Amino acid sequence: MDALKITPELLLFGAAAGLAAIAAVGVVAFNNAIRSALCLVVNFFVLAFLYFTLNAEMLGVTQIVVYTGAIMVLFLFVIMLLNLGSPEALEEKRDWKRPAGLAIGALFFATIGSQILMPLMKITTVSSRDDFGGPQAIGRTLFSQYAFPFEAVSVLLLIGIVGSILLAKRRMS
Amino acid sequence: MLSMLVLLPIIAGIVLGLAPIKKAPVAAAIGIFVSLVTLGIGLAILAGFQADSAQLQLTERFSWIASLGIDYHLAVDGLSIWLVVLTGLLSAIAVGYGALNITSDLKRFMACVLMLEGAILGSFLSLDLVLFFTFFELTLLPMWVMITTWGGPNRAKAAVKFVAFTFGGSVFMLIGIFALAYLHFNTTGRWSFDVIDIQGTVANGTLWAKFPEAQSWIFWFFAVAFLVKAPCFPLHGWISDTYAESPIVGPILSSAMVKLGSYGLLRFCLPLFPEAVKANASLLAGLAVVGIVYGAMIAAVQKDIRRLLAYSTVSHMGFVLLGIFSLTHIGMVGGALQQISHGVGAALLFLLVGYLIKRKGTADLREFGGLKASLPILSTMFLIGMLGSVGLPGLNGFVGEFLSLLGAFQAGYIHVVVAAFGVVVAAVYLLYMFQQVFYGPSREEGAAVKDLRAPEFVLAGILLALVVIGGLQPNLFTKQTEASLGAVRGMVLEEVNRRPVYGKFPAPKPKPTMQVVG
Amino acid sequence: MNGVPLAGYLGLALFMFSTGVVGVLVRRNPIVIFMCIELMLNAVNLTFVAFARYRVQALPDDPVLAQSQTMAGQMMVVFVMAVAAAEVAVGLGIIMAIYRLRHNIDIDDMNILKG
Amino acid sequence: MDSSAIWIVIALPILGFLVQSLGGGLIVKAVGEAKSKSILGFLAVAPIALAFIIGAMITTKVGAGPATVVTGPSWIQIAGFSIPFEWIVDPLSMTMVLIITGIGSLIHLYATGYMAKEKDYARFFTYLNLFIAAMLILVLGNNLALLFMGWEGVGLCSYLLIGFWYKDTANARAANKAFIVNRIGDWGLVLGLFLIVCVVLDVVPKETRLLSYDVILPALKTALVAKPALATSIGLLLFVGAAGKSAQFPLYVWLPDAMAGPTPVSALIHAATMVTSGVVLLNRMHVVFECSPVASVVVACVGAFTALYGALIAFGQTDIKKILAYSTVSQLGFMFIGCGVGAYWTGMFHVTTHAFFKALLFLGAGAVIHAMAHDQDVRNYGGLSKYLKITFATMLVGFLAIAGFPFLSGFFSKESILGAALSGNQAVIDGVNYGAICGWVGLAVAFLTAAYMTRMMLLTFGGKTERWRTIEPNHDAHGDHHGLDKDHKPHEVGATMWVPLAVLAVLSAVGGLVLNGKFEEWLYPQGLAVLPKVAEHASNLQMYSMIVAFGGMAFGAAIYWRGLPASQGWDETKWSSIRLAQRDQFGFDSLTTDLSVTGGAELSKFLDSTVEHTVTSGRALASATSGAGGVMKFLQTGFVRWYAMVMLIGVVAFIGYFALAIHGGAN
Amino acid sequence: MDAFNFPIPSIEVAAVLPMAIVALTGVLALVTEILKKKKTNDRVITVTLVGLIVAAISLGLQLAEPRIDTLNDMVIRDRFSVCTQLFIVISAAIAVLFSDGYLREKRISFGEFYPLITWASVGAMMMTATTNLLIVFLGVEVLSVALYVLAGLSRREEKSEESAMKYFLLGAFASGFLLYGIAMVYGATGSLNLESIAGVWVRHDPTQQGLILMGVALLLIGLGFKSSLVPFHQWTPDVYQGAPTNVTAFMATGAKVGAFAALYRFLDSVTALGSIVLPLLCTVAVLTIVVGNVAALKQQDIKRILGYSSISHAGYVLVAMIVNFKSLANGMDTVLWYLISYVVMSMGAFAVVSFIASSGKESTKLADLNGLAKRSPFLAWSLLIFMLSLAGFPPTAGFWGKAFILRDAYVHGYLWLAVVIALNSIVSVFYYYKIAAAAFVSTDQERFPKMSKGLVGACTICVAAILGGFVFFQPIISFLGSR
């Protein structure tokens, strides 16, 4: 604990983390699906920022492009398409599952937290090279050591394409 | 020879089941032919059987699963020889009965009977535990098909009960089999599921000396399977529904099948777990006694004639178990003899009950009455069969019961006093049954029922003759078994290194030692 | 970003993950549930990156291996993103298909299959 | 004739049985029903008569030496235990052979007439011949197993014959009752056998014929002399068997009901032969009882009590066969007194004379019943001596014999029993001479016997009132006879029926005189095995006997000379409570029947509906399991969020478990 | 910068060849499907089957080969992976074999089914052939995403879509945990390889132990979901019931083999944590067995019953792994035999059930099987044999599977688990019985469609495998490379 000094970096992290946390809560708390989605976008942006703070520039960029740019747009698109934007479209009931879910979630948080956060509290120094997150490093690794998973993902994406076509196309038989 | 005995009916059954035979008489003819050939082989084996020896005869042994030491191993000895003949006989009777009475899908019926016969024979002849288990379980399938296809209104329930009980018992035996084989492996460094091998290790004491605490539970795991089959109180729950709901051929064949229980005890439990047997003999004899009296009491309040006889089976098999667990020579011979006697006697009664049901269309005792007038031959046969079951001296039921009780008495079991009382209750329910069916005012409306036709008479007559012969000359049925029983008894009672060992019999003739045991 | 403890990132990630989990439990809109799952995945991604940045020195002094281990975390993130994309495509497809069939995607209305 | 001819004696009735059973139907078919009866009748009587002749010839050769054993093939033969078919030819067995075949052939002859109108003629004689065969096996078998075979065989025939008219359910019930009560006795007998085997084996370990008399009797003597307790156990167990077969209290209950059978059956089986098997058994196994005063006392006392009890009940009966049945019970009690006090031969003496006069009485009663269209109620009789002269005359002899009229057969045999009881001191425990007490009881019973027999005779034959004329004719159940109309006169029976009556009357009259005092020498030439001889005569006993006999008769005559007293008439509400109690066997039969039958049935039903229905059938287990299945079905709600929550609970449980594990002994 | 110049890893073609063949088969099938002119899918099927058979041959040739680690240690070829991959391919092939008739009767003309099922197989195969968590994750996702789609294949049926939705949401939820677990393990060891766990655990470093334990727990949850272990099993019956029967068949067999293989690899790597993991695993195994069997008792839907039955079988397999925990390689025969016998018997059962579908309708209540024995005795008897095998009766392959689990349980001191299995086997008889018996109830209704050759072929293969597997146990297990 003694090592923890208040530094500008820490303050900046705190602010970002707070924003991310608030956004995350917003995803769950807003009844309106669009608001949830927008909160998620905010959250993803902050995450991208945090990746930058961790020197993982490539991932930060990808996060913005893939998640915020593609995935979340897809979400919003579907929400709009199905006209689920208004709160009336899908009324959220308050039932016993809410407090129960919250309680169990809190228990989950507490248990894992107690196991991984406490022992790691002291670690404040980074251990990897600062350039570890650059596009070059990523690219070299991806196409050498990670060639196999790279190919595997191609199968996965193919499934995604075929599958989404299959599920979305109008001709049912 | 033995393979032929086992495989002929099974293969014939499968072929018959698959063959596109449309005409019932053809199927009947094939069924009768195969069953008679099987019976003939059985009789030939009996004729060539060397009576004074406990030796395993006609051994056939091939490696099946080499890495585990599981063999295809068949052989016959005194414990099994008569059961083999009994099975062949009852199957022939069942086939004959089926040919006369089954109207729907006779082909499949014949296939079932033949497969069941093969499975029972296989169980009696297998010396490899896994092979035995296979045949033991294989008996369930044809029986199940028989119940579900030709059974009574509650056949579904009865069938599942039958399967669940039997399987429930045997699945524990499966654990026991593999545990035992493992212990044998651990002792000798060699995998084997062969009774002969394992018994050798038991006989020289190495196996249980190394694993003394395992003996008791493995014994019970084996015993439960056999006690369910036997059926021994309190594991007899399947028999009532099974007998009442299956076609009458079911109980007839089951009269051979339940012997798998007592045979299994003799073949496996006694030689392999001598100390556990000695420790638990009194308890098991006690269960047998409870079964004798309890079965008789429950039988006495049954309304369905087949249920009554089912409980009578519980009661009668109690004598078998009592005799076996007396661990005296007389008792064991009595038990072994009672197996055959009950097989013949119960089959006869069920056959006759089948005739009755066919004539009256019901098995409810209250619906019968006064049939003696119109069915003189049937009633006479029934009377003799019933008296055999009651245990009248001169008929076959008596000798086995008498010797079992005497053996148990010699062993110092005080429960004999109660068991002997079971004979009284047996008279109660059997006479009651006879009275309900044949005595009293006639209850027939319209045309009188017809007495036995010639083929029906022949079927019952064969069994009836055996009932009488078995009562007057029981030696015929005991002389082949005595040497083997003596050996088994020695395997239990002798000191570790003096125990007889399968395959190494210079086979001293069983000594007539009759000390009180226990 | 010296001075920021690893536990900070991990704690944030854990919080996001837990929030996502709670969201799955309490929301009825399958799209939102799915978004919550995305939240969980992103939390895990953050964990990976943080570990990649902070944790590799604990391992033997083999620079190549050390680098390889550093990269492993980032690689995970890359592939998780790809997987998320495929999942989103299929997941939203399923939601669309259901919507076409019953014009309602309330998760609590879906229990033909039960018992 | 050589002893081995005994095979022929046994084979003859078996042959008759086979001919009747297998050929009966064929003969009927071949010659027609009417003609067949004479053929079948001849085929039934001839083997028995022939057996009697051969038996008699063998008997003449039987001397005082050791018994001859004729051995045949083995029956049960296993290592260490064997039971051969072997026959013992000795005075005891031959006495019984003569009674069985002699009386048997007479009764067969009688039955050809009595059953003449019966459809199932062949079946009747099948059973009857089988009975003779079984009875012969019982008495001739040289081991207890053969005895048991015969024992059960006669029980079976008794069962079959009691239920001969099976269409009446009551008859079937009576048959069942007889068989089952006998089985209770057999229970004791079998256990006794087992005990004997064990005891004998200790003495002669090498022997295998562990039930043969020539082996066990000496062995038992050796073993039991020093062990009276063991002897008592064996003795009592055997006595249970004997009491069952010989209708001793409390196992007598089947015998009165057994009267449901045709009357010749009652005469042969339930009076002359089968019921005396118990006495035969006691004579055979006397060694055991000699070694056990306790068992002897029990035998004597039960006998005395039974004698008294039977006699008392006989007063309350109105059915002529029932009167005779209780009389039989009572007389059997006498025999057991004799055996109990150690004078086994007196029991046999009484067996013999009783066979004569009781058979005679039963057959006579049969003739009466026959004449009265199967009405058996003595209240419906009266004044029959006029119509049934021969019957009356012969029955009178029988009556006098049983009543103890001096110098008739019953007088001698009864007197020898009582004499042995009063003078002997075998049945003594702790100085109390139970034998003597039994003797005095017996004397009282003799009085009662004379009285109730007088009652029966007077109600049947005496008086002027022909009560049957005023009674609604009784249509019997099996309907083979016409009812007796008011105008109809009772007819005397035909020759086939009265000839046996006459023969038996002669035997009853002179049998005692001829045989008196000879039985001891005849049956026990070497004396008893352990005990000293018992004197047969007590001082003044003859006088006492005469007094009680005449007293009894006078007592009976005083009441019944004029006919039926109203206090015993048809209106049973007017009966005195004592008389009612006598009629109802003092409530014993209904009590035991209720207790055993109803109680047993209730217990069985209870077990059936509880243990059997729920436990052993696996129902309880099955429903519990399926209930658990229902709970799981309920938990499978079909809601995704619920599943997710269950998953998360699982997750928390998992991680919680690991979190705790790390503290509680990781590694 | 040069430090990032990782060398191109060595590639042993043989090790990845089967997966590559199957993946390419999918592509080829897709192309064939796109190019097809006629309405039939015959060509697609031919292509798929040929591809799968070629893959099977390439696997068969590698059965006895030594272990290879290739592609940066991301792919392992050893006996276990080859065997399980073979099982997966067999499973897919049989599913393909009977699918044509089924899909036609269901009026589902999507030829895309065939490429998707081959790709799903690729995912399952990836799971078996690696100890790298990234590959495990990707395998899980490839398999799952394909199955999400396949579950919703019957677009007109609400239950199909519902099952797809449930499967998808819960599956993604579970992958989240799996992934988080991977992150923990990575955080502790710095490696994505399972084999690194043991080495780190023994250091007793408190900063690592917590991470490892949490990681292990979360991985277990993720894999437990795929293998449907209690309490992560609830999706199973619903999805099995709702998905088209041929898809369910593959889900219950091929996908399960993949899941168990991953579980096997995972358990193999955490032996060092035995004292902590085992009690939990035992509890889970018992719960899984009991819940699966007991819940099946009350069911009326055949596919649901089979779903619960597959849960209980998961428990049995878990027991096989638990009792051999200290040295899983020694128990490999047991696990492998159980898996292959389970694949054929379960596949066969679903194949028969698929016969119910007729003219676009499919109701899988027990009563819908009535009359099968009359319509097609062959199928009814096949079904009976499958049920016998599932219940573990001789003479079927399932008997050996159960027997060896019981043996192993006893040998390694888990007699009580053997007894639990024995007791539950008794329970299982009741519901297997219900299914078999339903087929033999005769009705005159002619509801069943024309029998397709593929169905007959699939059933024949399964029956032959089950009966042959009993008799020829020795040659088969030798062929699978047993020592």
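The chains carry the letters A, B, C, D and E, assigned in the order they are written, with residues numbered from 1 in each.
Simple rule for what comes next: a residue touches a chain if its C-beta (ideal position, glycine included) is under 8 Å from a C-beta of that chain, and two chains touch if they have at least 3 such contacts.
Bear in mind that the values here come from a model prediction, so they are computed numbers and not experimental data.
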Request  = Chains touching chain B and chain D alike, please list them.
outcome  = E
Key: Length of the shortest touching-chain route, chain A through to chain B   = 2
Remark   = For chain D and chain E, the touch-path distance in steps comes out at 1
Request  = If we define chain centres by averaging CA atoms, which chain lands farthest from chain E? Would you check?
outcome  = D
Message = I'd like the most central chain, judged by C-alpha centroids against the all-protein C-alpha centroid.
response = B
Ask   = Based on CA centres, what chain would you say lies at the far end from chain B?
value = A
Message = As a quick test, compute the distance in whole Å between the mean CA positions of chain B and chain E.
response = 43
Task = Averaging only over C-alpha atoms, locate the centres of chain A and chain E and give their separation in whole Å.
result = 31
Task = Take the average of all CA coordinates in chain C, do the same for chain E, and state the distance between these two points in whole angstrom.
result = 26
Inquiry  = Could you work out how far the Cα centre of chain A sits from that of chain C, in whole Å?
reply    = 6
Remark   = In chain B, the residues touching two or more other chains are 164
Ask   = What parts of chain C, by residue number, touch at least two of the other chains?
value = 10, 20-21, 24-26, 28, 33-34, 55-56, 58, 67-68, 71, 75, 79, 83, 86-87, 90, 93-95, 97, 107-108, 110-115
Remark   = Residue ranges of chain E touching at least 2 other chains are 3-4, 6, 134, 138, 141, 145, 148-149, 152, 155-156, 165-166, 169, 173, 184, 187, 207, 209-210, 213-214, 237-238, 298-299
Ask   = Using the touch rule from the top of the page, what pairs of chains touch, sorted by label?
value = A-C, A-D, A-E, B-D, B-E, C-D, C-E, D-E
Ask   = Taking the complex as given, what residues does chain E use to touch chain B?
value = 384, 388, 391-395, 399, 402-404, 406-407, 410-411, 415, 418-419, 422, 425-426, 429-430, 433-434, 437, 440, 473-474, 477-478, 482
Key: Contact set on chain D toward chain C in their complex   = 633, 636-641, 644-645, 648
Query = Across the complex, what residues on chain E touch chain C?
reply = 3-4, 6, 134, 137-138, 141, 145, 148-149, 152, 155-156, 158-159, 161-166, 168-169, 172-173, 175-176, 179-180, 182-184, 186-187, 189-192, 205, 207-208, 237-239, 241-242, 298-299, 304
Inquiry  = Taking the touch rule as given, give the residues of chain A at its contact with chain E in the complex, in rising order.
reply    = 112, 115-116, 118-120, 123, 129, 131, 136-137, 140-141, 144-149, 152-153, 155-156, 158-160, 162-163, 165-167, 172-173
Inquiry  = Going by the contact rule set out above, which residues of chain B touch chain D in the complex?
reply    = 161, 164-165, 233-237, 240-241, 294, 297-298, 300-302, 329-330, 333, 370, 372-373, 387, 392-394, 398-399, 402-403, 405-406, 409-410, 416-417, 420-421, 423-425, 427-428, 431-432, 435, 438-442, 472-475, 478-479, 482, 486, 509-514, 516
